[in-house]
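Each remark here refers to the structure printed beneath this line.
We just call them A, B, C and D in the order they show up, numbering each chain from 1.
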Amino acid sequence: MKKFLIFILLLLFVGLSATNIGYAQKPTGEPYVIGGIFPLTGYLSWLGEYKKKGSELKVELINEADGINGRPLKLVIYDDQSSPEQAAKIAQRLISKDKAIAMIGTASVPISGAVASLANKNSIPAIIGSGYEVNPEKDRFVFNTAHKTDFAVARPFQYFKEKGITKLALLMPIGSLGELGSTLARKYAPSYGITIVGEEKFDVKAPDVTAQLAKLKTLKPQALFSFCTGEPAALVARNMAQMNMNIPVLVSHGNANPGFLKLVSNVNVPIIVPAGRAAAPDAIPDSDPCKKVIAAFNKRHIAKFNEPANYYSAEMVDAIAIIAEVLKTTKGATGEKLRDGIENLKNFVGMQGIYNFSPSDHHGTVLNDMMVFEVKEGKLHMLLK
Amino acid sequence: MNIMERLKKAWWILPAVILGIIPLIFKEKSAYVSGILIFAGIYIILAVGLDLLMGYAGQISVGHASFFAIGAYSSAILTVKYGISPLLAMFFGMFLSGLIAWIIGRPVLALKEYYLAMATLAFNEIVITLIIEIEWLTGGASGLKNIPSFSLFGFTMKNNLHYYYFVWFVVFLVVAMTIAIVKSPMGRTLIAIHSDEVAARTFGINSTKYKTGIFVLVNVFASVAGSLYAHYMGFIAPDDFGVSTSVNMLVMLFLGGFGTIYGPAIGALFLKILPELTYFFQDYELLINGVILIIVLVFMPKGMYGIFVAMKRKIGFSRE
Amino acid sequence: MGEYSHLFQFFFSGITTGSIYALIAVSLVIVYRVSQLICFSQGEFFVFGALFMATLISKGVSLPLAFVISLFGSMAMGGFLQWLLIRRIQGSSIGNLIVMTIAIFLALRGLALIIWGRESYVVRPFTESQPITFMGASLQLQVFWIAGITVFVLLLIWFFFEKTMLGLAMRACAENPLGASLMGISVNRAAFFAWAWGAAIGAIAGMTICPLLFTQYTSGVMPMVKGFIAMSIGGLSSIMGSVIAGLMLGLVESYTIGLISSKFSDAIVFTLLILVLLIRPSGLFNSQR
Amino acid sequence: MNMDKNGIILKIENISKRFEGVHALDGVSFSVKKGQIKALIGPNGAGKTTMLNVISGLVPPDKGNIYFKDNDITGQPPNIIASLGMGRTFQLIRLFTINEATVMDNLLIGASLTLKPGILKSIFLSGRVKRQETKLKDKALEILNFVGLSGKEGVLPSALSFGNQRLVELARALMMDPKMLVLDEPASGLNDMEVENFKGLLLSLKDRGITMLIVEHNMKLVMDIADDIVVLDFGKKLAEGSPKEVCANPEVIAAYLGTKDKNGDGVLCSK
């Protein structure tokens, strides 16, 4: 018993003394604290890691370049365990204990919802990166550097229209992403002359989706739309290959990363992935102003982590860059001033696109910032200019 | 009645005083501390209820989060979609939970041990699936946002401190009610059913009625916890009401001390504060939490409350 | 004829998932039979088996060798956990046992996160070839491996429990722990072997199934929950029952998806479980009681 | 039905019960008169415990009827039968032990019919419940005193000797003020002295007007206290009558013992 108590005490001691890991410091002066909310464990944890790496590096780079007007940035990162409740607790902790002036992070719609609720209540800006659609009237303090989910549906539909694909079947994962995909597909299908011939659902943890595919196959679609990310997306493609369904499959914009490309490396089905520029910097033309930003950041990212930044880390890198940019000119970083600063930010070149925020647009990016790629031999090839 | 007995009856004064002054101690960090304690309080309501069901009546549940969800969603839907006042919505949630518990309680509680565990687990999954699929009403997997703050007779709880005192008031109420039940003949009846249901019935105890009754009561508690949760969070999604949440509650029960009422409360408090201390271990957090739990289970069969009692005995406050 | 190929595909889909559920249910039943304990950490043996094998293969170890090494590794892990932890709380209440296995689950999952990180691992199928096509429906070859290995495991279990002294002793423990201990059979030793076996079969499940999945440290939950359902329908302690229930569950799922609704298929399956429990509380295939 | 007039408290009519094809009981009928001690005897597997379980409602009979105090209790749940005034003890001691329940707790659980516990009652009427409980505690002390366990009220049952645990079971059954007690092998596992003590207790309970139906293997005890005996064998009634009549019944001796002792006299009636 005594031993156990000693163990607990030791644990507390280590815990309390090991304070915050994950920021580098060079400039002196009171640091600006930014809170990072990432899913480091739980079912979204593979995403969280990318976001964490990218944002840590970005803060490091800013501090190397003498911070913001001589004051360093400090990034305090916590794990939301892929749970909205935990995310809410963390946001509260960041706001009241760590005195964060802004928050970044989150990876799913529900988690963003929980964080948004606290950001609004406490008037602390949160720049999230998820499919959460920000309604500036209600979410006064929430911004989103991820492209609008609408773009991830509308842009590929544009490609389908060009290719003459009119019959689309939906195979949606059970969950917030699937719901969004289904709603948006129905919203945009008419304007691109697409008919939705059928819809099925599947559990993202299921080992096999051939039953759903077989049912959809009977409807003779020309393309399949499965709005999911990572393993389930790869599973859908693999099962399609198994069943000789050789039609293009459109997956979510989250899939443009090396991890996914590895998963589908030997699957012979055309996979269409919408994504931002950061996902495939080689595929974008040199004239694109974002290319320079991406290349500069990737150089350091590869040096540090042995892999380039990707679509997820880019969202967070842009979020930090935006906060840093606004802080440069804002005197006294209160939540309201920061919010107003971001809302007035125009033509800011990030990795994801050129941001133009306004009081009525908290996303800042436009439809054409979303690219459409096809996966071929483990690489992304641009389909739409 | 001597002084000792009077003091024992007033068990709640010391914790109440401590909890009352906590926000004053932490001053500028009080929003953070009270935020954690609000969640802890909500889980105490759940854990204490579960202890009444499992520790006393002996009915295993691996799906306690299902009624937590029903309460939360009743409150959220009624206030967001139909503009009903939070208090009324909470009462409706309690009524609905009680009704569902009453309907499923009779057949399901006829099951024993692992079969009961599986049935409750399945029920939890069904509730989650329904919440996800009845999207037009529940907001589906993306959740429901903009749930208004709780208000009581025209007073709206704007900040964490308001919620903190309100939630803990409810916690004390629930714990007091539970203690009253446990100390009364009802508590002994539950022990009898837990211990030997057949024998209990030969003393005229209608075990089905009592099991169902307790099931209804603890699920009404869970529903209240759900309502408090929904209004405090301002946002709810199915992610937080799954089987893993139910399993978490079980862990609170056994960590704190099964069948002691105070134990699960301590367990809930501990488990909601522990992550705040192990954040720094990042990737090692999961492993450390698992190991701590294993150590408690192996070395403290009576949970953390067991240590407390043992210490009390040593100092000389013997029981009875 | 092609019109009806989807009906065959539902069947193949059901067989694929069903064989997965069955194999996992068997691993749960083995532990339950001897130590009267439903192991909530069984999914982690699944993950450890699969990921350990994937790592070995990526390091250049041949598949059969990697399979065997991973198998014995998991066996040792299961036995070790029983020796270290379960032994100490044997005889406490069901709730206590459940929570102990949950604690083990958390610790193992944490360990897997540290060892393997967050990414998914892909293992190539045991035999690389095109899926089999029948009446326009296709079936992956790996399913035959799963089925074959399940049969092999069942034979092994049968041989072990019926023909070896240790197996008979373990069976005696399962049927009457007190009597067995009076007869000088150590319940602890039997439980030790049950855990080793249970972990090994869990790992076999993981290793055999992982070519169909993308395995990461969180992958253990789905198979475990479905395994629970299969074993409950089968009657907790019946090995054959859980195999049949597992296959049935897979088929019910795929036909529900195909013919009724993919939206509510989970709700339907879980409702089915509750109904089975209510109508036949000791499972469909339990001959005892 | 007019059992009451004939002084009959329990009437068993043609009861049958099968377990997986085996006849545990096969058309058994007998009745118990008010105030008497009736013994149910027979070799192992004769169906005695099954009979008691059918009477107290733990097992529903396949065929036949049971009347208790003018009520048809066939197939009624045990709690209803108990509420009519039937108490019972078990062959294997079944005391309540969870959550450190004491001897006093066990006795108070026995008084559930008087206390009528309720969820709302325990929350809102705690004062009244307390007063009622205090009264019942006095009664419990009295009963403990009667069975010879005074001073043991705060003890955990597991800390008591086997014989004393049996006494707690009896005391617990007495807490419900039973009109009739059904006792399943109350003397098994007791030493001679304890059996004597138990005999005394049963006889003084009889004096208080409590009817008893006893299944017992200790023939000396049965012969000493039973007014009437029913003999079961393979689920069938073999004989019924006073101890003397039963003793003299050659069929009973043959069935019950299988063999006779040297004197040609069954051990059944050694006295």
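The rule is short, and it goes like this: a residue touches a chain if its C-beta (ideal position, glycine included) is under 8 Å from a C-beta of that chain, and two chains touch if they have at least 3 such contacts.
Just so it is clear, the structure is predicted and the values come from calculations on it, not from any experiment.
Among the other chains, D has the CA centre that is most remote from the centre of chain B. Of all the chains shown, the one with its CA centroid nearest the global CA centroid is B. Between the Cα centres of chain A and chain B there is a gap of 35 Å.
Each chain gets one centre point, the mean of its Cα atoms, and the points for chain B and chain D are 42 Å apart.
If you average the CA atoms of chain C and of chain D, the two centres end up 48 Å from each other.
In terms of their C-alpha centroids, the spacing between chain A and chain D amounts to 73 Å. Residue positions of chain C touching 2 or more other chains: 113, 263, 266. Counting partner chains per residue, chain B has residues 283, 285-286, 288 touching two or more of them. Multi-chain contact residues of chain A, defined as those touching 2 or more other chains: 41, 174. Under the touch rule stated earlier, the contacting chain pairs are A-B, A-C, B-C, B-D.
Contact residues of chain C toward chain A in the complex are 3, 5-6, 9-10, 12-14, 16-17, 20, 113, 117-120, 122, 131, 133, 137-138, 140, 209, 212-214, 216, 218-219, 221-223, 253-255, 257-258, 262-263, 265-266. If you check the complex, the residues on chain B that touch chain C are 54, 60, 62, 107-108, 110-115, 117-119, 121-123, 125-126, 129-130, 133, 243, 247, 250-251, 253-254, 258, 283-291, 293-294, 297-298, 301.
Across the complex, chain A meets chain B through its residues 1, 4, 7-8, 11-12, 14-16, 18-21, 40-41, 78-79, 82-86, 88-89, 92-93, 95-97, 109-111, 113-114, 116-118, 121, 138, 174-176, 178-180. Touching chain D in their complex are the following residues of chain B: 55-56, 58, 177, 180-181, 184-189, 191-192, 194-196, 198-207, 210, 213-214, 217, 259, 320. Of all residues in chain D, those touching chain B in their complex are 56-58, 77-79, 82-83, 87-88, 90, 94-99, 101, 105, 108-110, 112-113, 115, 117-119, 121-123, 126, 129, 133, 154, 172-173, 176.
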